[in-house]
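The following block contains the structure, expressed as structure tokens.
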Amino acid sequence: MSIFTQYYKEKENIGRLLVKCPNKPGIVAALSKFLFDHGADIIESSQYSSDDESNMFYIRFEYYCEELLEKRSQMEGDFLELAAAFKMDYTFTYNNKQKRSAIFVSKEVHCLMELLWEWQSGDLDMDIPLVISNHETAREIVEPLGIPFYYIPANKDIREEVEAKQMELMEEYDIDLLILARYMQILTPNFVERFPNQIINIHHSFLPAFIGARPYERAYERGVKLIGATSHYVTNDLDEGPIIEQDIERVDHRDNVPMLKKIGQQVERRVLARAVKWHLQDRIIVKDNKTIVFH
Amino acid sequence: MSIFTQYYKEKENIGRLLVKCPNKPGIVAALSKFLFDHGADIIESSQYSSDDESNMFYIRFEYYCEELLEKRSQMEGDFLELAAAFKMDYTFTYNNKQKRSAIFVSKEVHCLMELLWEWQSGDLDMDIPLVISNHETAREIVEPLGIPFYYIPANKDIREEVEAKQMELMEEYDIDLLILARYMQILTPNFVERFPNQIINIHHSFLPAFIGARPYERAYERGVKLIGATSHYVTNDLDEGPIIEQDIERVDHRDNVPMLKKIGQQVERRVLARAVKWHLQDRIIVKDNKTIVFH
Amino acid sequence: MSIFTQYYKEKENIGRLLVKCPNKPGIVAALSKFLFDHGADIIESSQYSSDDESNMFYIRFEYYCEELLEKRSQMEGDFLELAAAFKMDYTFTYNNKQKRSAIFVSKEVHCLMELLWEWQSGDLDMDIPLVISNHETAREIVEPLGIPFYYIPANKDIREEVEAKQMELMEEYDIDLLILARYMQILTPNFVERFPNQIINIHHSFLPAFIGARPYERAYERGVKLIGATSHYVTNDLDEGPIIEQDIERVDHRDNVPMLKKIGQQVERRVLARAVKWHLQDRIIVKDNKTIVFH
Amino acid sequence: MSIFTQYYKEKENIGRLLVKCPNKPGIVAALSKFLFDHGADIIESSQYSSDDESNMFYIRFEYYCEELLEKRSQMEGDFLELAAAFKMDYTFTYNNKQKRSAIFVSKEVHCLMELLWEWQSGDLDMDIPLVISNHETAREIVEPLGIPFYYIPANKDIREEVEAKQMELMEEYDIDLLILARYMQILTPNFVERFPNQIINIHHSFLPAFIGARPYERAYERGVKLIGATSHYVTNDLDEGPIIEQDIERVDHRDNVPMLKKIGQQVERRVLARAVKWHLQDRIIVKDNKTIVFH
């Protein structure tokens, strides 16, 4: 058996460290020394240095450390000095703490179903404390799995009340990731600002083509030969947030709008599932309006 | 040996018939009877009926007919009656008549090189009577192949004189296809109207994303995860003509603008070559601002 | 509304005709005249002529015909003469008659789930009268949908008894398609012969690579950079039947066997679903040990 | 301007270090400290730990170091102690020293042309001191570029004399990479052993499918729906060496053998070019009969 297979048996002893700081010599040496000195064995590391005038450095470590949960506060305390010296932005995350994800959905359930499926088969390591929808359609899918389902009717006239209720639930359930699995309501700036880089949306086009409503209809009218889907973090610029993943499928002149939608749903499913997976594994760093994805 | 292998040995006996007409019962029967009665054996046929209120019918036949060149005027004459009965728009083309293609290029020669390569290896069945460029870069590639190279400096202030010279050459060389193989000058409406559905351009983005200038720079700024290229017929709406073919390649955060361009060139090469090939084989029918491609 | 949208509203008036015969001039003319004379309007047609010494011709028509079910026996009767004249092998199928499909599955349910999902959303136009498994795993997925689930334990020592029971069920339920959705038992020649070109299997490799058992383990050992899946009709040569569809996904050195299996399952799902769909739409003609797929 | 853009302007100051050793805590810390202490700034690093009982660790660094060429012998000397402590296999390579690559080709020149093209446009950072062929076909492509072309007729009866001549040239030109760009002669064990992991071949199938001769003919006979190409290091097991890269293209029943070859050539071109590029950038580590590719 490999040493890593052993490591992953002790899930509670796996941690991750993400760091962003101005680039200068010695960062990798300092960080890897720190981890070594604290008994942490590096399982995976990925780095990236920005190729622009910002000259920033980004690194992600996944490590194993015996009795990590006992040592973590000591470790995080000791890190302060190093972080200050290099002006680091950083995050320690711990594998034993699952992210608590709320899924928002409207009428089309294919993305929701893909997420639930991947979650049931152990591929999405998260808690799903609730599903929220502005339609009743998904209830029969969600409740048999023991997940609370909240039906909150929504439209643009009652947006504030709707979001007040949603926000209450987010707090009640202590949510740290919101997944918009074809949720067809726009969120207000207020709401979005509460969850920076914590809301993942799936847009049913290859952005920046067909920003906004009815992308498949517009793709049909334009006569494109490929259709796509885009998963991105939600910001207050509609469909303009940092892109996490995109994919496409080939179509031709015979494909009418319903067929484009059908083909597109397959793309949406896999693009959203990948983006969520990478987020859960802390593989994504947001840099300006882009993502660095260490996969 | 198959009967078709035999047919293709007699290239001069291969013809194509493209038809567009209002959809109604009996079209296929009438057309296939016509071909049979004239001794034409159908090698390939493809049809499409529009799925909208226009209710149009489109069909392409490729056929073999002994002594086709002797029979063709009789055949075309006989067709008039049938065409009138069904209100057909149609084109007869003959395999022995190669399309005469002018290639326009600026500084970047990768698309030109791909076309020349495919042409030399027999995969693009066309004549290339000349190459026109607003730079001298391509001369050393073109002239060794015995193809006349015309250097015509261009910029937006002298557009009319430039196009007058170009048009003269198009007429002198009896050109029926213009391939813009990364030709970075905009053509005037006057020029474009002279060649309806006869000018093929390669745009270095996945249209309709990044219409206009500097698409790779904008793709980089937007942080897309796939970059693409689009081949389309040129109309007077910039980058808005009927799309013939598109393809993409995966990129990631490490790819800066020069790397995106490099990766993109590979996509541009193959997308343009495919579009030109289908045009040469009369596989494309333009319907409004879209293409039907029978491949 | 297009005429075809209207046609498809009358599902019972949609029929298909598949023909295979020695190639000679006039087939398309004769067939399309026949359909026209019987009031059938061609919606879609695809043809193929073999490019070898067999010189065979293959064609598929999908057509609309008012009161088709009343006319069908007359039409089929009238066809006999034409069929004899051209020595045609042919099949008439009718859209109102759904194929009755039995799904066989073992422990891994991802392919079964994909089929059920596509079936529920209306994309697989078939009846599923029963699911058979040599494990109990799938029962809780199948029974809530109202589909009878038969648990028939199996191993190579009791193969004959097992197949006797299975055959009885096939007859009782009047099955005309068997889908092996990761059913890990080998079928005997006797059984296979009863269902020529009616058993579709998904093999978890890019055939002919990794024929037989444990393909992911062997892919891992060989260090391949892509893994695939293959859907094929079952014959008595193990994993050697006519291939219907194949697809692949990229992997790298970090992917161990469990990860390869996980990635592979995504490919298996979509490859099997596509193959089944094409079979249900009568798009597949078997020619020797290959398939012609008119998609 | 980014610091890395500056670094890459000083090509002679870019170095790479590849290390393989038994996995144990502290390797990354020790190596990154070593580089930092010697004034080397890490530009890129990638690591991999084997997921099997071998428990090996692999890492690749690309770094910038002022006056690297003056410092390199000191650096390499200092490294001995560290290497011994961790039982490291390692290689230092220097960006200013281009690999000297001999290209072997037979009659089909498409892979050769792709390599020359990529090389001319600066994407393959190597020297090409000579091209060797058992046919005269490629001479007119190679010589105009100022590259010596050696015509050495070959067949299995004179294999030893042929290889003696080839070996002489390899030594005369001080070759450290051999690229078999569709060279259709088998090399003897003697020859292969002289160049361990230094001979890159392109095989015209998706290995391990269609090992050996005539893969496209066999792909056609089997009726596959995808065809592929595989680039691998050459060992003495025919077509069994460590796979570097693979890719595929979709085909269908209409594609006869010449069309499969034509489509396949496009795949071969890009697969070989990628493999060579990664080798030139020291991105490949061979582990048993597999490759770790840090791209």
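As written, the chains take the letters A, B, C and D, and residue 1 is the first residue of each chain.
As a working rule, a residue touches a chain if its C-beta (ideal position, glycine included) is under 8 Å from a C-beta of that chain, and two chains touch if they have at least 3 such contacts.
If you're wondering where the values come from, they're calculated on a predicted model, not measured in any experiment.
Asks: Once the contact rule is applied, which chains count as partners of both subunit C and subunit D?
Replies: The common neighbours are A, B.
Asks: Taking each chain's centre as the mean of its C-alpha atoms, which one ends up farthest from the centre of subunit B?
Replies: Computed centres place A farthest from subunit B.
Asks: On a C-alpha centroid basis, what's the spacing between subunit A and subunit B, in Å?
Replies: About 42 Å, centre to centre.
Asks: Could you put a whole-Å number on the gap between the CA centroids of subunit A and subunit D?
Replies: 37
Asks: So which stretches of subunit B touch two or more other chains?
Replies: Correct list: 51.
Asks: Can you name the residues of subunit B that touch subunit C in the complex?
Replies: By the definition above, subunit B touches subunit C via 1-5, 23, 25-26, 28-29, 32-33, 35-36, 39, 41-47, 49-55.
Asks: Applying the document's contact rule, which stretches of subunit A touch subunit C when the two form their complex?
Replies: So the residues of subunit A in touch with subunit C come to 110, 113, 117, 121, 123, 262, 266, 270.
Asks: Mind listing the subunit C positions that touch subunit D in their complex?
Replies: For subunit C paired with subunit D, touching residues are 48, 51, 206-210, 222-226, 228, 242-248, 252-254, 256, 287, 289-293.
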